[in-house]
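Consider the two complexes below, in which chain A is the common component and chain B and chain C are the respective partners.
Then we have the complex of A and B:
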């Protein structure tokens, strides 16, 4: 397993280099720069600023700096903020929100997916399946305000925005989690349906196993494999923070920073954050691959 | 059949199972009756789709419902009707009193669980013994079914076994709780020819040891010869001929049984084209014809005769045949007798 992780880590370095290279040239290609304002900035001032931030250096030098020293680089827009510090202060918030949302997604998605798979094409299937279709179709910018109207404006149980009280965390986690719960439910249903129709389920029944034991001991492991593969990118996406949910609920997370960095043409922030996100995604995919090997005995770390 | 001394282990009466499909209701099993004594071996023979497997799955309530539906009938096992049992009751029978092995050992074992977990499961489900003793019994059972190096192999997963070895595991698993009845649903169909004989021999040896009754489902008449005490020949969801192995092999009356016998490759002359029964098995949807085999019969009969109702007649003690102008020669002799 260590060998497997080591090899994957080596592969990841290549991936990260590609990602950073593409990001660097893409952000260079966006019209405008970090120093543009409503009024035209005098050419001499701009030159001076660019020199201060090292933007007059040749591309290869800039690329290397942005890629390998990104945590210590200052924002090109707000020179007193550094990329690494920003991540350190904002990431825990996004991590917390993402973790809650992930719990919501699994706690809602897996049971309703299992339920739907037991009696396909009956009310027991249609109700959770249609609900999860709604979850997938309703964008978070509709779902969020909807929950705010119900629970904050009408019922006055919770705050509409903020991230201070523990109760503030309920609505954003639900909003973000419900969307992923919908996917998890559909994947669970599909996976379970496929497994439940296999011959070995009949074998288990013929041994006298109860339905509960058949579901949890014999079917769930195979049935959850699609969910596990989905969880890699999903967890990264959840934890990296959702810009929409953070904006709707005014949460000081990383998703907002990312969008702001792009609109500010803040090239050090952009490349830094992309690298950070990319590492997260690679890390979670690695976790998923390891989990797959433990879940599916046909896989091994050798190949 | 009434002169049997003890009550039979299993008595199936008028078992009828339908499947509701988009094309209509399929009469998969259509009034099947038979009985089985303790320790006896019954072969159920017929083409694919003749209702052999569904008969047994219905008895064990393993037919997916819906679309399946048991319309009527009873299956008395040790005097209790399996068909009206609650889930809890039938679960206490399955795997303990009645075990099953299936056609395809490649898909019938759970790929995610170790052999050991699956082997000892019947013992744990039915609380026959604790985990440690179950493990010991599992090792003994693996030895008994001829899996070498059981101690190490028991830790493996099914995909690390060959087809024949997996079927041995299935047999070990089915017999670990020492059932009274083993239902073997085409246990050799998915295996190599050389392995087929070994598996049958193994089932027979285990039967001698445990003394259980066996129902062997197969489409290969050659397999049941010399293996079974009694044979039921099924066609279109019905038993069309039933008798001892000798009755079926030396005194077959039904045109379908005769045709099946003619189709066994080893009984045919070398170099000649293999015999096949003309036509295809009937669709089991829509109105029930007087005799399902009539369109494929090689006997000659008039339209008027074809419209006659068929009857199930005992031609000699314990030898029953579906009598119809299209199924037996000189059908009138049977009707007067």
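Then we have the complex of A and C:
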């Protein structure tokens, strides 16, 4: 297993290098720079700013600086902050929101998926399945404001925006969680249906094992495999933050920065965010691959 | 069957738990942030986006203005009602006969929050800082009325003592101007003229580089009515009353919580549920609802800003002034404002908003479809025949699209010509406009100070903001004469003549003057409508 992890770590370095190169050239290719604004900045001033942020250096040097020193570089948009500390102050917020959303997604998604798979094509299946279809179709930018109107504006139970009190965390977590719960439910249902039709389940049932113990002892392990492989990238996406949920609820997380950094052409911050996010994805995919070996007896670390 | 019942019960209990969690904050009456703020004089306010910085020499935006004016005070300040200049750090001043030399007498009780008195040298060092090229201040040109300021920034002068500012002693400051600038005192209210404590700045990095960290909480020191308490990016910036401020008896708020709100619909929800005292920009769709249901919080203030289209005068067919005039004459601005923009904007028939520092433009665009058709025919396009395809560029935004579509339709109806719409992301759009890579382009301009000059000097041949390819020597001369003229009437006469040229050649087509549509809770007192949207914080208080 250590060897497996080591090999994957080596691969990741290659992936990160590619990602950083692509990011560098893409952000160079977009028209407009970080210092362009409505009132034209005098050329002399622009030159000074570009020099300060190393934008007058040859490409290879810029690339190396941006890629390897990004945590200590100032952001071009918020020059008194450093990229590293900006990520460090926002990531915990997104991580927390993502963790709650993940809990909501699993707590709602798995049970309703199991339920739907038990009596396929009956009301017990149709109701959760159509609900999860609604969840997938209702994007977060509709779900978020909808929850705000019901729980904040009409019922006055919760704040409409912010991330201060524990109760502020409910609506954003639900908004983000519902969306993923829908996927989890569908994947669980599919995975369970496949497993439940297999011979070993029938054997277990005919031996007199109760349905509950069959589900939890035998079926879930195989039935959840699709959910687990979905969870890798989903978890990375969740904890890296959601642009929509963070802007709708005015949450100081990392998700909205992805979009804003690009519109600001905040070149140092873009590089930092992309590399950080890419590392997260790689890390979570690795976790998933390990988890799958444990869950699926057909796999081993050798291949 | 039993098993299914079991899982049913399990799900049901889960649902109950979730409902209980949701309902928990519902127990008992809830005090909102606004209730709490009203009780202890804390203002919860949003000024739009997250501030880039609160260093007055580095920033260039409007949210930054609102925050910085609570923390730092310049030589003069503003009256909250009509914004006329009142004493700030300077308790009095004199102007020389020729209008070139200003002598400011600083009060002795103006203090930095780190405990030192504000001196004349603080101002000199601050001017030097913003005029140092390596700082990369994008707004340093605001200081160009000062003698040799531009030359120092460009490096043609390297000795700062040649620049027109001098500390006579700790309490007396002399500023010498390049030419008499009648609006000079109101210019001093712009944050670029504000002082910074150089001893503090130097402690936190190179004072002449943009990445300095003196503006972070804990490091910051100011001389304004409030001091910086905390600043969490994208969450909130909190300032509290400063007891060392010389006029702290006037300050009535205990603190102000500035919350960035990227989405105005979220700000609306926060306002309606008592999290904020204001909505900085009321979304267009809500204007009608607020008019009907909450008229007491709705504000529609005139704003010193104009919405207009630039014509690329280097391109066929827009290089012909007759075509540009025809386009400008053929639209009905009132119709656009009433049906599309919908925020009570006054239609703009000139570049300068009416009654701008007592100036109202004489030259006005005549909206006349017949005349427009005739001009178009004279230019060689009778009934729009043979009119080349022209692109109308705007930055991606629903509001701009609606206006562009309306104008496209009106031109097609009235002149039988076709323009194609093209939207670009903000920075791409700026780039296209700058490199004259457009046919017609949407733009907006907010006055930097209340004087017609701020709307007119941008069309001179040397202005970076021109971006139309148009120039006219007579226009250039008039604007130059105006800046040398001391007599306000003669000076405004130069502007009138310049505007006649503008109306005759029409490099730009004004459409409407902006209004600021926002909501403000009625308990916020000491807040007066004005066309610059300046609301000096020390005069504001809460009276529920």
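Assume the second predicted complex is superposed on the first by the 303 of 303 C-alpha atoms of A that agree within 3 Å, B and C clash if a C-alpha of one lies under 4 Å from a C-alpha of the other, contacts with A are read in each partner's own complex, and residues count from 1 in each chain.
Rule of thumb we're sticking to: a residue touches a chain if its C-beta (ideal position, glycine included) is under 8 Å from a C-beta of that chain, and two chains touch if they have at least 3 such contacts.
Quick caveat, the model's predicted, so the values are computed rather than measured.
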| item | value |
| --- | --- |
| Room on chain A for both chain B and chain C (clash or fit) | fit |
| Which of chain B and chain C A:211 touches, first, second, both or neither | both |
| Which superposed partner A:152 touches (first chain B, second chain C, both, neither) | second |
| Partner chain in contact with A:37 - chain B first, chain C second, else both or neither | second |
| Which of chain B and chain C A:86 touches, first, second, both or neither | second |
| Dominant contact partner of chain A by residue count, chain C or chain B | C |
| Which of chain B and chain C A:297 touches, first, second, both or neither | first |
| Which of chain B and chain C A:222 touches, first, second, both or neither | first |
| First, second, both or neither for A:200, with chain B first and chain C second | first |
| Distance in angstrom between the closest Cα atoms of chain C and chain B, superposition on A | 9 |
| Overlapping contact positions on chain A, where the chain C interface meets the chain B interface | 210-211 |
| Residue ranges of chain A in contact with chain B within the complex | 198-200, 202-211, 213, 217-218, 221-222, 295-298 |
| Interface residues, chain A side, partner chain C - complex | 30-33, 35-42, 44-46, 48-49, 52, 74, 77-81, 86, 89-90, 107, 111-112, 114-115, 118-119, 124, 145, 148-149, 151-153, 155-163, 167, 170, 210-212, 215, 247-250, 252-253, 256, 260, 263, 265 |
| Chain C to chain A touching residues, read off their complex | 2-4, 6-8, 10-11, 14, 21-26, 30, 50, 52-53, 55, 58, 60, 133-141, 153-155, 209-216, 232-235, 259-263, 265-267, 269-270, 272-273, 275, 425-428, 430-432, 434, 443-444, 464-465, 467 |
| In the complex with chain A, residue positions of chain B that touch it | 60, 62, 87, 91-96, 99-100, 102, 104, 107-114, 121-122, 125-126, 157, 159, 170, 173 |
